[in-house]
Every structure is written in structure tokens, then in C-alpha cells.
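Structures follow.
Shared between the two complexes below is subunit A, which pairs with subunit B and subunit C, respectively.
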Partner chain A sequence: MKVFNAILWDSIRHAWRLRLPFILIFLLGLVLLTLPNWVMHDGSPEGKLRIMMTYSGHLQIYALSFAALFYSIWFEKFERENKVNLLIATYPVSHHQKILARLMSYVLILWGSSLIFQAGIGFLTLRTFQQFDISIQEKSELKSRLLTVREYSPLQLIEDQDFEQKRIERQFMQAFPLNHGIATGFDLLVTPQQDPLYLRGKLMSLQDIGQAQLRFEVRHENRLVWAAEAYIQPSVEFYQLLPAELSKLSPLRLDLIQGNEEKKPLYYVQAEPLSLSRPKGSFIGNLLRATMLSSLLIFTMAAIGIFLAQILSFQGSLFTSLVIYIIGSFKQDIHELLFSSGMPNIPGFSTEQLDPSTIFYSILWKPLLFITPDFQVLNPTSKLMNGEYIPWDDFIHVGSTTLPFLCVTLLYALYFLPRQEVDKRS
Partner chain B sequence: MTRGQHAWSWWALFFILLLFSESIRSFIDQVREDHNLSVQGEQIEDAPPELNVALGMGVFRSVIIDFLWMRASKLQRERRFYEIVQLYDLIGKLQPYNAKVWAYSAWNMAYNISVVFPPGEERWRWVKNGLERLLGPGLRYNPENLSIYKEIAWIFSHKMGGSTDDSHLLYKTKFCEWVQDIAGGEQLNARQIFLNLESEDLALKENAMKIEKRLYFELGLELGFMAQLENHPLLGPLDWRDPKAIAIYWAQRGLVIGNYGSRTVDLQRLSYQAQQHMLRQGTLVYLPATEDAPSSVVVWPDYRQAIPIHRYFLHQLEVFKRERAVDTGVRSAFRHFLVEAVRILILSGQETLAEKMFQDAKKNIPENFSEESARQLMDLTIDEQISTLGPEQFSAMVSSVLMQYYWWLAQGNDKRSKALIVHATQLWQKNIQKNATKERRINQTLDDLKKSVLKDIIHRNLFHPIMIAKLQAVLDIKPKTLETN
Partner chain C sequence: MEDSVNTPLVEVAHLKKVFKDFWGRPKVTALHDVGLSIHKKEVCALIGPNGSGKTTLVKILLGLLFPTSGSAKVFGQNCFETSNKYRIGFLAEENCFYKHLTGEETLNFYGRLLSLPYVERHDRVHELLKLTGMEHAAKRPLGEYSLGMLRRIGLAQALLADPELLILDEPTNGLDPLGIEEVHQLILELKARGKAILISTHLLAESDEICDQLVLLHQGTVLAEGKTHELHQQHDTHNMKELFLKLVKRTNASHLKQLNDKDLNKVAVAHEGPDQDFLDQLQK
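Now for the complex of A and B:
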């Protein structure tokens, strides 16, 4: 452990000499100063705060990842090309001790820099509160709303007595095309315990139609528990009292199905499961999980950097690792862009997509998707800033996608490369 | 293969690819031009800085735009709306001369995102966000594109001026307060303020300049053009606090400035529809907030709008006659309009004007009007309407007329209230006559119904507290008196 600590502090000292934390802090500070003037928000204090926190959080993660890459590659290349060991050791150290301690030092240095950045965000938050004319009570409400960790789950009847509202109204708006382009909106009024369950809705007609036929299905754990068909007049409020026994079931899900003239479902409406927000966990717990995930990201980036630096040039390692990082961070988006059916009616959006049955897809893209680490999961900014619960499942997901990558690269660096070096020397 | 031969094969490949890219360049340029995606000449100077950066990225601009669209639609699906404004702004600025992008993003915010929120302030914020996209960068980069004017006019006329949205009264109230704030707490008279710009009274001049500036920078409205529209013979009196009047402004502005992107007839229709809508709901009464109730607006028919619409129809008939075109459609539309206008005019206490308009129309197209007078036209249409009503529905109809009567009584408009009570009495007579031979006779008198409506207004707060107080003062009654009755 003493050896490990010695290497750790030695690496931190080297990073300090490289002015790495200063550069990072300078860059992040620049972002903090320019961000409030650049971002556009929805006009609410909550919106402004959220967008600033999200953008600065993302920038922070990207900056940390890039710094981890750059730092690890530079360190390795410097030592190898100059045939020096920056580590001043008076005691024999093993290769894996050196690598692991350095990885740990990257995490510490980068998190040290980002703490200063977080302090900057706190300052901006205070300034935002001051800019908007909101009362102290509103401020505390806003703060609690921002920090509440929520889990989005299928509709759950509220059993939690701590809920302030007696009557919970969750709006369910689902815009979907019926025969002539109609948007509909339905609310499910849920009242806790004994009160009945209502389905309330209004069909908003964009064109003149007489009425629309809809089928409602309520499911409990994917089992159909109630269904009804109704003809609904546009712009007329629709009420339906659901059977009382349903209020004892939890969770419930509402599906809307459009019926056509032959009374057969024309297509299934992709109805988002109704959700009610209920407090789950604490903000601190969530923050801890987010910190663990992003530390893992820095750790992985540094491992990739060390691995690539052993086999490629400085520029080659940097370029390759950036490509891996971009694909890993945006692979779902790139996949959607290349192979999804596109977004019709959106002006300026290209709708021509590649055929998923091509060789490009099966030989190149699919394996690439499989082997690249899922950096999206390792970036918890959106979830943290939206007050969403970060589940432990995310770590399992990381385990299945990223850790093999991390382990292979580390094992390669730890065992294969030292031998290679010895072989070359001999 | 030697090193030299290797280099030559790379050069050959380079030239083949260059030739290939050149052969498809004209096709790509044509597509870019068709969709206003290319940026040329003067446009570069005025382009947003984001575009200048993106232009340096070449073809990657479209990839970035696609990514941004995907993110925006993903966020919308997940209901994380706070970032949408930023994303739409970036998407728009990366292709600023594609007006459809601005129109789509504004429509999406005003129509789809706003209704996700429960009725209230948040909805208004999203309608405003949508409008700001169009009035700001949308118009700036596409000043001659008719589709931008059409979209602005549509949001003002349908979303804010119409009644399809549950929060339409909130939009009207917020917009009314906004314009009143600009005008210094009162109704905005554009013509007068425009004249004040030349006034020798420095205080008046300064105030007029301040209003002109705010109108332009906050709502994109030009005072001079507003003053022109107020004097337009085919447009009625325009209350600028009413979103429908602003819709007329933007439709007319588009007709003057715009020259591509949409059909001019669409804007003409939007202007006419807004005018007709103002006939039905163009009198806007603003009620400030009290301790018991928030501020709100109440809309009533504006009979004054009938005059320019009537004039417009007469003008159209002349045009059709001169061009010897088939005018059946115009005649039929004229009759439909007059049926509604006559009713509104008579119920507003303007029977003489209704009669004059009816006779003018009858003189021009006698075959479409078999009735002798405006009153007869109204009676016939009402008889038609009530023939299918049951006694309860009939009472509800008379109650609604009585409610309007009490409103105008409280407002101190004797002409209107008198016309409405006469109408209610006539309707009641018809009700009694209609049900006289039936088993279920009407035992209730009109006075009973009046008392019941009044009681509802006061005890169930059907009117704003200010109007209830006014009504109590006019009738010299107290709620307790009603209870005992």
C-alpha cells in the first residue's frame, strides 16, 4: 500500500507540474462565464437552471474524459519515447502497481479540478435565483424540485401518506395520428385509496371530423384488466369512471388503441406508460452513484489511453481513442441516424437511411456497436440534473459493456506489455 | 510495387473521386437551392455566427442538424422541454433561410409542447416561446417568406384568439396585459400615437417613441403600419389587445412584404377569418385582479366588425359582376354572414344599422333574401333553431341571454341590455306558445327565471367579483336579499 500511495502522489505531483489542473480549471471557468450568455431556456428559472447545469455537467464530463485520455497517453508516450521513468522510486515497483496507481491519480486530479467547477455552478445557481423575481418560499420549492430524485415507473397508486396532494392528477398527452391527423389528450385522474379512478380525456381535432373511435385498455402487470370502446366527439370532454376494484391494483398502465371502421385495431398507439412521480432515495445517494459512474468513465478513458499509447504513436492513440469515445458516447444516435426510418415531416432532416441488411451493417457496424463501451451510461449528467433516480442496474449494464473492455486493455497493459518490453531489451 | 507506383495509384484514385464528386455537384446544388439550404452573397453578412462556424464544417453541417433534431425529438418524447428552445434555436440558425424550420419549431412549441402542461402560466410561456422564434430570427432571416407571416397569424388567430385551447382566456388576458403595459395601462390607439410622434409636446412625443420602440422590439409591430390598418376601409376597428387584431396585422403585413413561400390567398383568408371571428368575439373587456380573483378578460361580439365585412361583400359582388364571373358562392357566403351579423347587431341594440345593411344586401341580391326586414330574418333563423329544442334546453338558452343582459346592465350599456331583455322576453313567449298544447306546460315565469339566473351569478360567482359588485350596485341589491327571496 505504501508503494501504491507513493506512486499515486508522485503522479499527482507530475500532473501538477504539467499544469493540467490549471488548464482544466481555466477551460471550465471559461465555459461557466460564457454559458449563461449563450444558452437559451424556456423562460422559467427552473428551465434556466436545468439547462445550465445539464450543459455545464456535460461539458465537464467531456473535458474530464478528454483530459484523462490526453494525460495518460502523454505520460506513457513521454516515458517510452524518452526511455525515462518519471517515477522516482527508491524501491522496486511492479508494472501493475505503477499503472493502477496512475489510473487512481487521474481520477483524483480530475475530480479535484471538477470540484472547483462545481463551486462555480453553485455560484451561477445563486445568480439565477437572484435574476428571477421569486419569493423565498418559491426558491425553496424550486430547490426541492430540482433536487428530488424521481423514479419514473408505470402508474402506481399512491400509498405513500407523505404525499402532500390528496388528489394526484397526472396528465397524459399523447399526440398520435388518427385518420385525419388528430392530437388527443387524456388525463387519468387517480385518487388514492377509496376514491374512484377516472379517465378523463379530450380529443383535440385539427381537422373537421365527426367523431373518433378509441379503445381504452387498462393493464396490470401486462394483463388486461379492463377495456372499453368509445366514440369521442372532438373538443368535448370525455369522462369514464373505472371500476373501483382497479384502484387496489398497482401498477396500472393505460393503452389507447385506435379502432377503424371494422372495429379492428388499426395500429397500436405507442402510449407512454402513465407515471407518477414518487420520492425515491436521496439526492446525495444519487450524486454518489453519479460520481462513481463518472469516475469509472475517467478510469476507462485512462485505461484506453495507456493501452493505445503502448502500440500507437501519440497522435494515433489520441485519434483512435477519440473515435472510440465518440462512437461509445453517441452510438445509439449514430445508429438511429444511419438505420432508423427517419423523421418524416421534420424540415431539413434527411430521411434517407441505410439498409440494415447490408454488409456494412453486419460486418462493420454491428460488431463496432458491440465492442465499444457504452459511455452514455457512464455519463450520468442528464439523469442527475433531471432529478431522476440513477439505479444500481446501470452499474450492471456498465459491467456487461464497459468492464470487459477495461479489463482486456488493463490486462494487456499489465502482463503482456512488460514482457514485450523485456523481450525488446533482451 | 515500388514507392513511386504506389503514389501514382493514390493520385489516380484521387482524380477519379474528384471527377465523380464534380458530376453530382450540380444535382446537390439544385436540391440545396430548392430547400433554401445554401447560403450565398449578402446572406453571409447577416448570417448568425453559428452558421459561419457550421459552414466551415462543410457537409457535416447536415449531420449536426440531424443530431440536433434527434435530440430535440428525444427530449420531447421524454418531456424534458427546458432544452428544446436552445436546440430549436441552434437548428434554425444552422439553416436560417429555411423558413419551414422556424415555422415547424414555433408550431411545435405553441401547439404540442404547451398542451402537455396543465392549463396555466406554463402553457402561455410555451406559446410565447413559439411566437418568439417566428417574430425574432424567423422574420429576420426570412422577411419576405409568406409562410412565416402565415404561421404567426395562425398562432395569434387560432391558438390565442380562438377557443380550442383550455387556456385560451389566459392567453388573451396575458396578451391584453402585455399590450396595455406597452400603451401605459390603456387601450392602444395606434393612429393617435403615430400622430403624437410629430407632436410639439415633448412629453407626448417621448411617450409615443417609447411605445413605438417597445411595440417593435417586443412584438415586432410597426406603429405606422398599425395606424394604416386602423384607417383601412375594409377592416373594422382594431383593438390591439385582441390577438385576432394582431393576426390581421401579420396577415396584411405578409401581403404587403412577402412574395414567396406560400399562397397570398391563405393570408387573405386568415385576415378575413380573424375579422369574422372578431364579429363574434371582438369586444374584449379586461377585468383586473382582485383579492378574490385573478385578472381576466371576457369576450363579447363586436357588432362594429359587421360594417367592413358587409362593405367587403358588396365590393366582392361588384368585382364578380364586372368580371362576369359566377358569384353563387359569394352570394351564399353573404347571406350566411348577414344572418349572423343581423342577430348580433339587433342584440347589440343596433336595429337601425341592421335594417340598413339588410336592405343594402337585398337590393344587390334580392333573390337570396325573401324576408322583408332584418327583424324577420332574425326571427326566422331563431324559429328554425328553437324548433328542435326541448323545454329544458329552451330555458338554458333564455338563461344564457339573461346572463348577457345582466352583464351589460352591470357594464352600464343600456342599449345592449335593453335589446337583450326584449329578446329574452320574445324567446320566452315563443317557449310558452310552443309548449301550450303539450302535457308539460311551462309554469315558471320569466321573472322566476331572471331571479334564478341572478342568484346563480352572485352566489356561484359566474361573473368576476368586479362585475358582481357593479351588478349589485346597479340593481341595488345584496346577496342576502336574494337568499330570502
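Now for the complex of A and C:
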């Protein structure tokens, strides 16, 4: 444990002396201060605050993950160049102890920076409200709500219906896995006041058809309560109003049926049962899950960085890890770009037999999609900002793609590094 | 007691190290049939010009490189055994330290890697800072240290575990004459305390002053090995420089003798045609 602590604190001290947390906080703070001036908002304190929080939250996660990646690769390079790893190898330190301590230190360093930044946001939010012409009573209420960093949270503000213009958006479904890699992102948005219920969605990709005829069936306790058919083009957002009285029914289930011109169903996809009631969960619980997801993100990025830095040069490992990160973050978009555009729109035409891109798809792209971590799920900012419940299931999904990276790094440290000559690697 | 003194701490026999290229083909033979043994209370010097294989041998003893063939044992165990690492102190040829740490923090860091308890570590760090004359710069980051100061901190680092075997790679590199003298005194003091010390150096005078035993390396092979005074008697020399030059010349001559006339002709042809004078020169 002493060895673990020594490496952990040394890495933290190193980052501190390099002013890494300060650089991170400075960059994020700069963005936070300038962003509301760039991005249009409705002029209200809520609008300004929402922009500040949403964008800075996203930027924060990206900054943390890139910092984890860059720092882990750079530190390995630094150790190799200065041959510190040679001297450490003459001490009774195992490789896995060293790597685990490093990973932990990156999470601590970056979360330390993040906490300071969050405190800064809290202070800035308070200042933002003071600038607006609102009543003294409202001001004092807001102040009391925002005075402590712990109490301040985007979710609390959004959940507060008086504050958030009595509007709650709820997302029920994320991607439908369809055959041929078609992924859809359909959300059922509910506005519980006078507004109607509506279905919003986007087909992210259609591999072998230019447009899809979809049939939506909403069921309550296996009884069909609403149905509609529509032709949907990829990447075009689809809106469909639903009868308002449906919002009184819970739970709801959305069945999505894809059919051809003869209206014979080709694929039948059944979504998870929909529930109109928000899953119960405290803000602290949600924040904890979001924190765990972000830590997992930093952990994974650092593990990728450390692993690649062992086998590749600085530039090589940086490039490869960035490719992994980009693919993991924009899986759906890249997929859409590669396989949707320019596809012939001929009924019954199968591109699978002819298109060379299909070979690329099955040999390279599909396995690549399978092995890259889903960084979109690892970024909990949107869910946290929208006041959406972060389910534990996310961890199973994320764990299945991130754990292999962590395991490979540790197995490499446990079994392969001790069998390699230290000096050769330096 | 006598037995424990006679048991060698370091035992190397028929050691060979071949560095290979990316495809696994032999590139350089750094060590060839090297053997040596070091006992307690002995100061052994590995002497040889640059590229003779000194550092490779040191790295094999530390478990940083693996031998191609032959055996290298430290404390009767394989070199890469973790338990050995508590008993060996190492001063690297280059100053491999974190430049962001101060002298005191560096020693504390390596002390923690040795799992030394806090009080013991604290006392040891201050004792070593005093011993190496680095107390005044203990709070300064290593990035601001001169070469000599870094060697001193390196020496302190090597002594942290109070090791039974001390391996010093070019210990006086970058030190002023006063510093060199201090290091020599320190080595003799450590020897008196029962430590075994292996010094790798290309400074011939250094080994004359402080070493009991010599291993002369040249192009990866051992030219001579034994007690310093015995080697001088054997080869009728008075100092290390004489001994080294004599042995190197003799080796080169024997290499040359191995070349037959055909080879000499080839060399001569390569040297602008078959010149009888040049052949004579070579044979001489």
C-alpha cells in the first residue's frame, strides 16, 4: 500500500507542479465566461444559466477526458525519456501497482480540478442572477438555493417546475437496435401541463433503404391505444403529435414496426415498456451515478493512454487514442456518414452483395464499433442537465465496452511487462 | 562466519548478451562469456572503455536486461527476483530523477517505494542528505541542481535501503576533485561496514585507489579478472593505465595473429592494392 500511495501522490504532486489543474480550470473558466456572449439565449437568467451549465458541463467532460488521455501518455513518455522508469524498476515495485496508482491519481487530479470548477460555476451563477432585475424576494430565494455548492445543481433548478417554466422533458427511449445496424433514437416527449404528448425521433441510419416506412403503435397494458404510419428519411427528425389523454396512461409501450411497400413487416422491434412516471431517484443519487460514469470515462481514457504509451511512440499513442475516442464518441454519426449517404433507393435492392463498403463494414467497422467504448453513454452531462434519471443499467452497457480496456492494460502489466526487458522499453 | 564471507553475493558465469533487431536477428554481442564473483566487504571495479559492456552487465545484475545465455545470480537468486531489490542500492549512469521533486522529496519517494516506516525514512533521509553534503539544497527542485549535486542525491538514493550490495555506475561522473575524494572515502567507509560494492567506471585511476578486485572488459569480453595487486604483479605493471593498455594491446595483437595471410591480403587489397610495406606493418 505504501508503494501504491507513493506513486499516487507523486503523480498528483507532479500534475500540481505542472499546474495542470490550473490550466484546466482556466480554460474551462474562460469558456464559461465567454460562452453566454456567443450563444443566443432568451435573455432571462434561466436561459443564460442553462446555456452556461449545459455547455460548460459538456466541455468539462471533454476537457477531463482529453486531459486524462494526454497526461497519461505524456507522463509515460516523460518517464521513458528521463529513464526514471529504469530506476523505479530497480525498486520492489510491481507494474500493476504502478499502473493502478497512476490511474487512480488521474481520476483524483481531474476530479479535484472539476470540483474547483464547479465551485466557480456556483459563484458565477450567483453573480449572474444578481445582474438581472428580479425582485428582492426572488433574489433571496435564489441565493438561499445557490449559496452552497452542494445544494446547487442544474437538476434541482430544472426539476423545479416554477423555475423551469413548468415544462419537463422526459426521454424514454434511446437507440433501437434494428437489423443491419440501423440505429434509431426515438424519444417520447411528455409535457404534463396543457401541451400535448408527442413522439420525436430520428433514424440515425438506413443501410439498405433510402427511406423507411415505420408504423408506431402505442400500447397500454397490451391494448392498442394509438397507431400511426410514416415514411421516415434518415437523419431527418420526425415529430408526431399524440392525443393528450395518453399522458394519463402509464405505463405505455411503443412498438416500432418497419415495413416495405407491401406493408409486410420486415423487422419488428419492440421497445422497452414505457413509463410515464419518472423513476424515483434523489439528485444526490443521480449525481453519484453521473460522477461514477465520468470517473469511469477518465479511468478508461487513462488506461487507453497508458497501454498505448507502453507499445507505441508518443505521437502514435496520441493519434491512436484520439481515433478510439472519436469513434467511441460519434459512433452513430460516423456510421450514418459512412453507410447512409449515397445509397441507392431501389426497393428490394440489396447492397450487401455488391458494395465494397459492406466488406469494410463487416470486417473492420462492425468489430471496431464492438470494441470501442461507448463514450456517449459515458458522458452523463446531458442526462444530468435534463434532469433525467441515470439508470444503473448504463453501467452494465458501459462496463461491457470499457472493462476490456482496463483489463487489457492490467493484464499487460501483470503478465507481459515483467517478461519484457525494462531497458529495451526505455 | 567465514563461510558467509566466502559465499559470493554476485556470481556471474559464462554470461552472454546479444542485442537483437526488430526481426529477432542478432545485432550486437554486448557480452561474451563473462564471469565474475563479488564477496562481502569487497570493492570490485568493472573497467573498460565506452561500449565495452559495463552498463549492460550492471543492468543484467539489476534485472533490467535478461541474459541471452549463462547465469547471473545475486544473493544466490536470479537477478530479477523482487526480494533482491530491497538489498541492492543502485546509482545509475544517468541522473534518472523526477525534476519536479526536491532533493528531500526524491529521497522520501524512493524511501516509500522501499516501504520504509515514516520515522525511519525521515531519519534516514536527513542522515543521507548530511552524508552527501546536500542538506543546504534539500528543499530545491532537482531541476535546479548541477550535475554534481544530482550525483550526490543519486548516491543518497542508492544508500536509502542500507543495501548489502551497492552498484555504482560511473559514481564520480560530473563531480569536482573534492567531491570525487569524498565519494572515494564514502566507498571505503561502506566497505569497512561490510558492504559489497560494484563500481562501473572508465576512469582507470579511480579503480587503482579504492578497488580490491578488477574486471577488465573490452568489447564484451573479460581481458583480466582478479585482485588488483595480483594483476599488477602478474603483468609487471604499476598502475591501472599501464595494465589496461598492456592487456588491450596484447588482445589486439592476438586478434591480428588469428588473421591468416589470405585475410591480410584482403585487407591490403582494400587498402589500395597489395602493398608489401603495409602487409609488413600489419604483421608487425
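What we mean here is this: the second predicted complex is superposed on the first by the 235 of 426 C-alpha atoms of A that agree within 3 Å, B and C clash if a C-alpha of one lies under 4 Å from a C-alpha of the other, contacts with A are read in each partner's own complex, and residues count from 1 in each chain.
Keep this in mind: contacts are C-beta pairs under 8 Å (C-beta built on N, C-alpha and C of every residue); 3 or more make two chains touch, one makes a residue touch a chain.
Treat the numbers as computed from the prediction; the structure is a model and nothing was measured.
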| item | value |
| --- | --- |
| Which superposed partner A:Ala6 touches (first subunit B, second subunit C, both, neither) | second |
| Touching partner for A:Leu18 - first (subunit B), second (subunit C), both, neither | second |
| Intersection of subunit A interface sets (partners subunit B, subunit C) | none |
| In the complex with subunit B, residue positions of subunit A that touch it | 39-44, 46-48, 50-51, 54, 169, 171, 173, 175, 183, 185, 202, 204, 235, 272, 330, 333, 336-337, 343, 345-350, 382, 386 |
| Subunit A to subunit C touching residues, read off their complex | 2-3, 5-7, 10, 13-14, 17-18, 82-84, 86-94, 418, 421-424 |
| For the subunit C and subunit A complex, residues of the former touching the latter | 59, 62-66, 80, 82-83, 85-86, 88, 90, 92, 94, 96-101, 105, 109-110, 112-115, 141, 157 |
| Complex interface listing, subunit B residues touching subunit A | 35, 37, 62-63, 65-67, 69-71, 73, 77, 80-86, 89, 91, 95, 98, 100-101, 103-104, 111-112, 115-118, 122, 125-126, 128-129, 164, 166 |
